[in-house]
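The data blocks that follow each hold one structure.
One chain, chain A, appears in both complexes that follow, with chain B as partner in the first and chain C in the second.
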Partner chain A sequence: MSLSRSSAVPRSALVTMAASRRSVLRGLALSGLAVGGANLLAACGGDDSGPSSGSGATVKFGMNEVEGAGPAYDRLKAMADAYAKDTGTDVKINSVEHNTFQESINTYLQGSPDDVFTWFAGFRMAQFAENGLITDLSDVWPIDGMSDSFKEASTAPDGKQYFVPKDYYPWAVFYRKSVFDENGWAPPETKDDFMSLMDEMQGKGVTPFAFGDKDGWPAMGTFDILNMRLNGYDFHMSLMAGEEKWDGDEVKLVFDTWRTLLPYHQADPLGRTWQEAATAMGKGECGMYLLGTFVADAVADVADDLDFFTFPELDASIGADALDAPIDGFCVAAGGQNQEAAKAMIKWLGSAEAADIANDNADVPFIAANSGASTSTYNALQKKSAEVVGAAANIAQFMDRDTNADFANTVMIPSIQDFLKNPDDIDGVTASIQEQANSIFG
Partner chain B sequence: MSTETLPADTGPTPSGTGGSRTPPKRVEGGVMSKPRGIVVTVIVALLALLWLFPLLWALINSFREYDYTQANGYLSFGGWTTSNYEEAWTRGNFGLHLKNSLMVTIPAVLLTLWLSSMVGFVLARFSYRFNLIMLGVFLAANLLPPQALLIPVFRMFREIPLPLFMSDSGSMLNSFWALILVNTAFQMGFCTFVLSNYMKTLPHEIYESAELDGASVWRQYWQLTMPLVRPALAALATLQFTWIYNEFFWATVLIQQGDKLPITSALNNLRGQFFTDTNLVAAGSIIVALPVLIVFFLLQKQFVSGLTLGSTKG
Partner chain C sequence: MAHIDEAPQAATPPDRAGAPPQGREKKLATRDRLTVIAMVTVPLVLVLALVWVPALGSVVLSFGTWNGFGDLDTIEWVGFQNYKDIATIYPPFWPAIQHNLIWLGFLFFIPTVLGILLAVLLDREIRGSRFYQTAFYMPVVLSVALIGFIWQLFYSRDQGLINDVFGTQVDWYGDPDINLWAVLVATGWRHTGYIMLIYLAGLKGVDASLREAAAVDGASEVKTFFHVIFPVMRPINMIVVVIVVIESLRAFDIVWVINKGRNGLEVIGALVAQNVIGEATRYGFGSALAVIMMLISSIFITLYLRNVFREERRG
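Take a look at the complex of A and B:
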């Protein structure tokens, strides 16, 4: 959508020219409604909206799940209902389908947004903070039970918090315990273990890795983890921010390693959805699958048999202490009518109490960001996820959340697919990515 | 504009009737001699099948269980169920969204036809100097892609205040008024063009006698022209209903409140964040396509006659 052009300005550029006239003007233009809305509120003293917070106040709550979408909706609804009941606040729910909500976020925030809305950490949050479309929440922080790494994930480049985390899920290598036990395989720790495990699987006629990239985004997870294992978390994040070269030796090394690993993956991934790939692992045709924990949804009948390990280290000097664990949570829209009540609600939404209420009212719990939340409803995978993420030194958000949305969707998806079609033309792919990155990141 | 949205509706019918009806009438001699007639029938049948295949495929799979097709592939046979339809109806909340769609589509179609018939009447009946330019402007607007107007329209609507009883957001955004107006504006160019051309085919003498009998301009429009252009209006109403009902772009841009989205966007409710049950989506698509099919079959006669009547003018 062409409105997102404004977000095509790289974070780095915005930071360096934060105080320049152009960005001030752009900020003004974008937050025109916010300013207007604030004046209006000041003028009428909030007469028509009742008290600005607490009992009798009205908060509009935009959620990216619709009724019937499963536990994700049930959890959000339970949180909203409980808050309304406890505080006497009138919570008006606006529920929009997940993908629709995400695709129209630009018009949503610049139009007539709800006060509190569900959103994601990472660049996706930071770019709205830069443009003044979401409210500074640094007075809501610290939140009891939120660790420093979550606080960091909620912080925009200007050093202020704009986000309250709700839950997260890690990306890891999933496998079936029974299949591994039968063959006497164990999760690999080192690169040598890893390579010999894959060779052994192939020897037994099992494809080591299930792989599907029809939708374009699943293979980003592979790129992320290879880049973090080969070049480290810091390089990965600056690459995502457009501050490193895509045609440099580091990225070429990632693609080159990927090329050597491709024979261990299912062939022709572009014609396969992740569900089909997951089914192949569920049937035991493939040994492992690198995906998010949502993989369990596609193989529900063997979900109890699933286990996972973090991707093993590929370079001993870098180790294996970083992983992708996308965080979902909430923001307050700058264009919302009732900022104070919104902040009160978002602070509660980040609490352990809110997470417990959500998990008690849904078939499947989420992994709460708040460390004070009860883990009694978690299944084995989730308990392990919480441990693994807690132990990780660095957490990335996944490529399409860590970098500019235009870049991720219009450049990286086709580029990675080109690479998977023709893995030998690494120079061509990286050169083309860099060329397009130049025009997007400036 | 989405002229191609439902090719299977408009495609087979004219060619089907034309292909099968013509041969028996001219058994000997004509362009459609018997062997040629057979060839034409075969080709037309093949083309019709080609058009209908995706629709039929979706229809068949909408009656099958996802688990069954996932395990056995789509080329298998079995796993019959109607649960997809029940689930699609409740999960997509189609009752509410169908109502939203009708609340946008019906006023928009009526408004478009009314306004463009008035413009068409003036352009066809009077010879002002600006007539040609006017028609040109209406046609030119037809060529303008709506995407190019996205930002201006969005910003304009954001600034237009509406009283709270008309729109609970206080502006044109998130209100049905916005969708009705936008659709009317975008469809008027085409309707004006068709209607003014159609009105030009009405014999001028009728208007001379009407004039002699003392009919005012309004009466000439309302009581003389409108009844005579009924076939064209019916044809346009069918088309406009299809187009506006199927309209997706403006609805997703101007409406951000989940409970106000029209049914085309509600189809998205059947998608999951990571996981999409394609059989369920197929069932949902069939439900969404039904109103258009009903309108088309009800007005089919007028639609076809409207097409031919328009075409003789050239």
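Take a look at the complex of A and C:
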């Protein structure tokens, strides 16, 4: 600061300002060049050489799990590695965090997607099929060991298959056997059993249901099961398809029942992740938790102590034979570079062999969709899951897989959260959902 | 920086020597003219392509509904329907506007003022000022995703530090009445360091003789700051104001990390993302939200530009 001048603004500042304007312009021009250059580079890298399938071929495999995310990643990785080793195919793994993958799926598929990618059965698969974003896989089917119900779940409304199932998991009420044994509790069969069990838990200072909805989707599972128990599977599916009224008596009954059950749930669900809720159940602070079998991932230390029952019936005329059991699996992206190799790989991914390899290489196995897969690695929980799902008369995929993604994400998540904040305003919530449904379903 | 200033002179010594100073603009050498044309057109094309075309594209899209599948001819034009729906049947919209304004007010009155105060204190070369500078600036370097996570460790209802230490059961991130404030604290933690650094850089550029003169005239430290330093810092002050406004209008990343901008943390930026970037693809609806955001921003930009131009005319 030795360059004293009488001006109010220091000279150094003036120089800096003037220079920075120029350097900004220059920077812009340079970055423009850089962008153009990157495009050129990308254009050059487009065509992969090598055979289209078998040894030496390249398949890009997009997976919705990242390293360190637990057994789910280990299983996918093991499958990809085994396939690469057996066939000599160069499998390029692109692993993306689970929720991020799901949320960027549209841009992903319309950009430059991987050849094979992990996805879900249901409306969200069908929507991509209708829009030509995923490849018709009817020539991959039938797959040995895949039952008709899985083929059905892989079929879009046009009658062709676009999906290869990998595994599935039921949503059910989980509990710790030791906690139930200690207290002499038993899984409820009827509504009366259910209510008295919850009252008894509360009497002993245990919160009956763990509950977390920070991420917005877990509470959809509660809505689904209540709707299926109170209004039946057929109504539930029509409602999801936008063919029933959200402000009708049926949906109001669901919310009203939910309201009476809320005092039996953990308070303040909107700040709690499902992992935190699962931990509360794992520690015995909560008696039960309605979630998918993936709950075991969050309480691995007591996973052997977990057991579950399907949500009890609430209306005897409707029964309890429907449940959510989302199916995960694979699709081939229509925009992928190597369709041939992708189809070869996806067919293998659906095989019993692939399922066995995945399960042999992870701490926790999945429940394979392929009936030929070995069940020797299954824990008691999974053997039971397979039985329960096999015995269910109707299987739904989960709200955000059974309905329009726009509706599920931008309307149902905030609306259910609004309901949880203010359970008494059922008319307001249902009216708002219906208004928005009109706008989206048209 | 100095060589950039001098570069054109070095390239054109013959012109300068031969031409009278006042007519220089009219007799640019071909090379200079090309340079000027390039300097004007390249940024112009970039601005048009990267700013105006997408912005106008959003405006156009906001009058239609499109799920993003298929070609542009599958867009169905619906006029002002999206805007009408946003204002009438889209519950998160009005809370979002309110939250953005709260965000602006909070950032302006607390972290900004605090940042300026810290800058002034650190400018006094107190012992360990380097250390404090680094400490306060650290949050700015961290990615917002990480900041969301760090504060999650404090705020978690069941496992968080705050509830653990105080034995409370406050649902910091989940209760819609308080989570906005909890997030603002986390944002302010970052914003303070940012403002501090900018202001500190400005203070270093203030002519020392001004302070000496003020001291000689017997002004107190506080008086010197408010009557001498602060007015001299006008360009920096303007930059700070602009940064605060921009930061609050585009508030997005931290709420997105926390709960995707739902349940008490609705902000316009997050609503746009929910409708467009996520799995949902309501491009028309999301664009309409983006246009509304753009209109609000342009109010502030207009005010700022008017101020700047008035300043330039005066100067």
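Note that in this section the second predicted complex is superposed on the first by the 389 of 442 C-alpha atoms of A that agree within 3 Å, B and C clash if a C-alpha of one lies under 4 Å from a C-alpha of the other, contacts with A are read in each partner's own complex, and residues count from 1 in each chain.
In this text, a contact is a pair of C-beta atoms (placed from the backbone, for glycine too) under 8 Å apart; a residue touches a chain by one contact, two chains touch by 3 or more.
These figures come from a predicted structure and were not determined experimentally.
Colleague: Touch check for A:100: first (chain B), second (chain C), both, or neither?
Modeller: In the superposed model, A:100 contacts chain B only, not chain C.
Colleague: Quick one: classify A:279 as touching chain B (first), chain C (second), both or neither.
Modeller: So A:279 meets both chain B and chain C here.
Colleague: In the overlay, answer first, second, both or neither for which of chain B and chain C A:216 touches.
Modeller: Only chain C; A:216 stays clear of chain B.
Colleague: Just checking: does A:113 make contact with chain B only, chain C only, both, or neither of them? Give me first, second, both or neither.
Modeller: After superposing on A, A:113 lies in contact with chain B but is clear of chain C.
Colleague: Of the two partners chain B and chain C, indicate the one touching more residues belonging to chain A.
Modeller: Touching more residues of chain A than the other partner does is C.
Colleague: Go through the superposed model and pick first if A:413 touches only chain B, second if only chain C, both, or neither.
Modeller: second
Colleague: Return first, second, both or neither, reflecting whether A:435 touches chain B, chain C, both chains, or no partner chain.
Modeller: second
Colleague: Looking at A:269, would you say it contacts chain B, chain C, both, or neither? Reply first, second, both or neither.
Modeller: Second partner only.
Colleague: Just chain B (first), just chain C (second), both, or neither: which does A:294 touch?
Modeller: first
Colleague: Using the superposition on chain A described above, determine whether A:69 touches chain B (first), chain C (second), both, or neither.
Modeller: A:69 sits against chain B, while chain C stays out of touch.
Colleague: For chain A, which residues lie in the overlap of the chain B contacts and the chain C contacts?
Modeller: In chain A, residues 1, 103-104, 107, 110, 279 are touched by chain B and also by chain C.
Colleague: In their complex, what parts of chain A are in touch with chain B?
Modeller: It comes out as residues 1-3, 33, 62, 66-70, 72, 94-100, 103-104, 107-108, 110-113, 274-275, 279, 292, 294, 297-298.
Colleague: Help me check something: in the complex, which residues belonging to chain B touch chain A?
Modeller: 70, 90-93, 147, 150-151, 154, 158, 169-171, 173-174, 252-254, 256-259, 261, 265-266, 268-269, 271-275
Colleague: Mind pulling up the chain A residues that touch chain C in the complex?
Modeller: Against chain C, chain A makes touches at 1, 4-5, 8-10, 12-13, 15-20, 22-23, 25-26, 28-29, 32, 102-107, 110, 124, 127, 130-133, 214-216, 268-272, 276, 279-280, 405-406, 408-410, 413-415, 417-418, 421, 432, 435-436, 439-440.
Colleague: Sort out for me which residues of chain C touch chain A in the complex.
Modeller: It comes out as residues 1-2, 4-5, 38-39, 42-43, 45-46, 67-70, 81, 85, 89-92, 155-159, 169, 171-176, 179, 202, 205-209, 231-232, 235, 259-260, 262-263, 274-275, 277-282, 285.
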